[in-house]
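Paired with chain B in one complex and with chain C in the other, chain A is shared by the two complexes that follow.
Right, the complex of A and B next:
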């Protein structure tokens, strides 16, 4: 009897643990907007992040040139929808218009989160985005998180 | 726009791209194909008769009957060292009124030094910093909702000076909370002896045009802008009063005239998830500067504007039903200047019609770089047929 109850409890615990882990994984994914560790900015609103990536503002308050960097990876779509609030098509059209009317080019594109860490860590004024899961201790030494969104 | 030998242009274009050691190059192209069908009586029979005798092409270039190639536009942007940017835009286009001839136009060619967000200096050929349509959409079909360029901003009608050769200073300041106040100030060669002739290499009339613009952008919805701009110029030309009259400018009996031109523009742009509004109005006056013009010609006014309302529906707002109203009111005989056309030393007066037109249509973006349009337009005044249907496929990449 006790053995049977223990087995059921164990099974229930395993199911519960699995569900909890799944929910944590689903609810816990976050995208971090990061800048170079030496930047004077400690936090930014989502509107401000948007204006820097769309090159509507091109200077930090300190006067430093803003150098946005974007990724080719799947995180880019999350960044567009959660931070810029734009679809991929809107984003593409936006840059066609900006290139035409203002001779502005889109942010530099790198392959993945590791490349973002490398670029932002090395470049004053740089701003990028990265999945929080990719922010290890070494990356945190080079970068400062200034805005976080969940997805 | 000047006509150049295509080979020479290609060589210049190539030289600019290779010798500059650009850090980053970007080449984009814009183009469109059209099919138009116009029907019904002219909106104004008397205008149609005057046009038949003394006019130039009446139709917006995107809406002739039958198939039409308007042109292909190439824009090269290069980020150069020391925060310099080069932009060259070359257009292979069918000139309005010449349905079977292509020409090569240099639309823009400038070098810009970006000192700071607040201060950028541009030198070369650029869009005159007037209003919204001229600076932002210009005549690129892909960027516009309707297939038709409003008469007010049609380069080949010359109501608004669309291009300037000279210097432009522009930038923006941020009053806070993502609001931006942009400005532009340009000094250039200004108007020639007729409104569609450009003054690229020289400007002998002794005056330069000055244009100034202020634009406030707010972080509301997808886009919000409100701006005012104005330009001032002095024009030296010749008095030709009768439609069809041709005068030799070297003939001492041809009377000179000098005009002061003042233009004002106001624009409002609002784009949200569901609806978009573009509204723009222009007021322009020409005043006699020599004191030799009789009363009706000495002081003339032009009023014009457009209002466009569209909705974003369908997947990712890719379908846009829209309506637009365009209007240009001209003084009698188009005033002393807007009806003039010159060729070398000869200057003549052509018939330039007022226009008032309503457009209703729908656009669909099957891909971010491709826009299909279908629209119906109704001319309320002027020599055009009352009705037109236009289908357009516009692309950019």
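Right, the complex of A and C next:
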């Protein structure tokens, strides 16, 4: 009896190890927080990024209006958990509350990384996030990376 | 009437002064109302101003809500119309232009009506932002592709900014409106407060006026009315006369009138109090009206007006009281006539040690029954005399039984003593009382029987008390003592033998025939059925003539000689059976004619001895028992007997003579207690035969003739 249980435990720990390995394999990816080239800011802490995205600060130090943009792709979930450190439900509740107390709306939403690049590249004061893999040479011309998160 | 005529001259002036005072009070109230009205007008004007700002705020909010609702249309129609340079969408462009214009109109109007706060500033920004964006629209298509893309994004952002400002302004507008509404609520409380203030002042004025009126008008009138009420109760009280106004003169007139009335009622009362009867008046709800007459008070004690008659007269007897209350309801209910209703109400009752007769007289005013006069008469003496007479008759009858048939008397007394003792211990009360009643009425003690009947009725209603039983037993003892006194000896313990028997005993002893003497003496403890049957026949005939029937009694088996023991016990049963037969078995003459029988009913008494048992049967040719009607036709004889003795009588009417059906049960009980049994054979229309069989040793048969000689011959 005891032998059988220990055998099962062994098998379970093997499976667990395999899963962990898979995670480490994906750990190489990174998320970049980007702003318009013309912005005066060169780097930001995660907290500052969070306050801009949650529209708790609505102006850059230069006085330019902050225009955060979010995307509908899978990267959004990573952004929520790694940068904003909020669950999807918390995030929704936050904006609902803001809407009724201060007529504030969530950031503009675009389809994917390419759209983010287009918007941030075009608008002064814009701030967005994309997977580092999508950051090609042409994009780097228009954007500036001010914060990077591994996941 | 008298009061009214004397009041008349004062009335107009009295009314005038009351009217003047009321007019003054009215004037004061009108003034207060005017002031209150003026203040209220000022307050309502302020309220109206506030309400107009509320209506402006509501319009602003409404327009901003419209503008806000169109935001999605604005942004989406712009993106569709201008977003893709390669596929311009003309429909979307037209829609965008229309939405943008509409939105601008709303924002512009709202900005003009927005007073105070930062809302107006926000709207101004939104308006200028929108205008600037719209101004860029015509040039979009002329731009190069890269430049165009950036411009579209910028314009989208511009629209989004404007929409954000509108949303913020809308929030601001709704807050402002809320504030103003609460202002209105506060403002509305002012008139309400004013209203309460006015009400309080009005109340104070009213109280003041009422105090004034009370002191000047109603207090004197009240004293007068109290005096009138007192006069009505028969306690004339003079009214204090103060001052010289109209009311004072009224008071003086009243005092004079009161004196006259008092004098008159005093003389009337003197007459009433000297009537031998007690008088008492009550209203239709049964409450005492006025003061009862002197006799009533001395018999039943003092009473307050309004006390219910039932509680006054019948406080000591709940049964009578309930009876009276029910009867009285009928009396005033108007369903029955007064005379019919009187049948339902007690006409005589005991109160303490006295008996009262009570009669009711309707007092009619107009054509309505207005009250009822009760006339109470002390009939104690009369009743006592009647009772004494009936008692004397009982004594006469019982004494004559004692003289004619000493044995029957002795047995009756012993049996009744035994049964009353059982009643006193509470065992088989109903059975025993019924038996005693039957025996008593056979003996002609009608009064005693009626008292036993009363006791029986009380037992049926479960209100028989130990005192009732003690009283009954006492009455019985007095009856027996009186009868014995009349006859002149104590029959109870006497053995009666004919003179010839005694002489014969002496002769036997003188000639030393001791054995024969012994036999003779022992024979005295034996009894011939003949003599039993003779007595039974006499009883049955007397009884039949009392109930108006004709019977012929035949007997068979009279030559049997039976020890006294079993016969003594059986005697009362036989009396009962014979009585039952005459009362229920034998039909009346008309019934017999219908049944095709002779007019005279035939009753046969029969005795037979088998082994150590003696059977005595009572048979008639009467109506028989309707087993079908009793629903026991299918049962065997034993079950039928159970039904007859358990479920009570099959007689429809309970009379004093017979009827509760406990008769046969009593007989069965006695016979079974002797170790015997009862058999009832009956056929509807043909007759009934009840046979009682008991154990009896030493029964023998003799030839016709005298018992003693038979004994002597052995």
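To be clear about the criterion, the second predicted complex is superposed on the first by the 126 of 151 C-alpha atoms of A that agree within 3 Å, B and C clash if a C-alpha of one lies under 4 Å from a C-alpha of the other, contacts with A are read in each partner's own complex, and residues count from 1 in each chain.
Everything that follows uses one rule, which is that a residue touches a chain if its C-beta (ideal position, glycine included) is under 8 Å from a C-beta of that chain, and two chains touch if they have at least 3 such contacts.
Since the model is a prediction, treat every value here as computed from it, not as a measurement.
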Side-by-side fit of chain B and chain C on chain A, or clash: clash
Touching partner for A:57 - first (chain B), second (chain C), both, neither: first
Chain B versus chain C as contact partner of A:123, first or second or both or neither: second
Chain B versus chain C as contact partner of A:47, first or second or both or neither: first
Which superposed partner A:105 touches (first chain B, second chain C, both, neither): both
Contacts of A:90 with chain B and chain C, given as first, second, both or neither: first
More chain A residues in contact [chain B versus chain C]: B
Touched partner set for A:137, first chain B, second chain C, both or neither: neither
Residue range of chain C overlapping chain B upon superposition on chain A, of 23-31, 59-67 or 365-373: 59-67
Residues of chain A contacting chain B in one complex and chain C in the other: 65, 103, 105
Residue numbers on chain B that touch chain A, as the complex places them: 24, 26, 28, 30, 75, 77, 79, 83, 85, 87, 112, 114, 116-117, 135-136, 138, 140, 142-143, 174, 177-178, 180, 217, 219, 316-318, 365, 367-369, 396
For the chain C and chain A complex, residues of the former touching the latter: 149-150, 153-154, 157, 160-161, 164, 167-168, 170-171
Chain B partner contacts - residues on chain A that touch it in the complex: 45, 47-48, 51, 56-59, 63, 65, 87-90, 92-93, 96-97, 99-101, 103, 105
Residues of chain A touching chain C in the complex: 65, 67, 102-105, 108, 118-119, 122-123
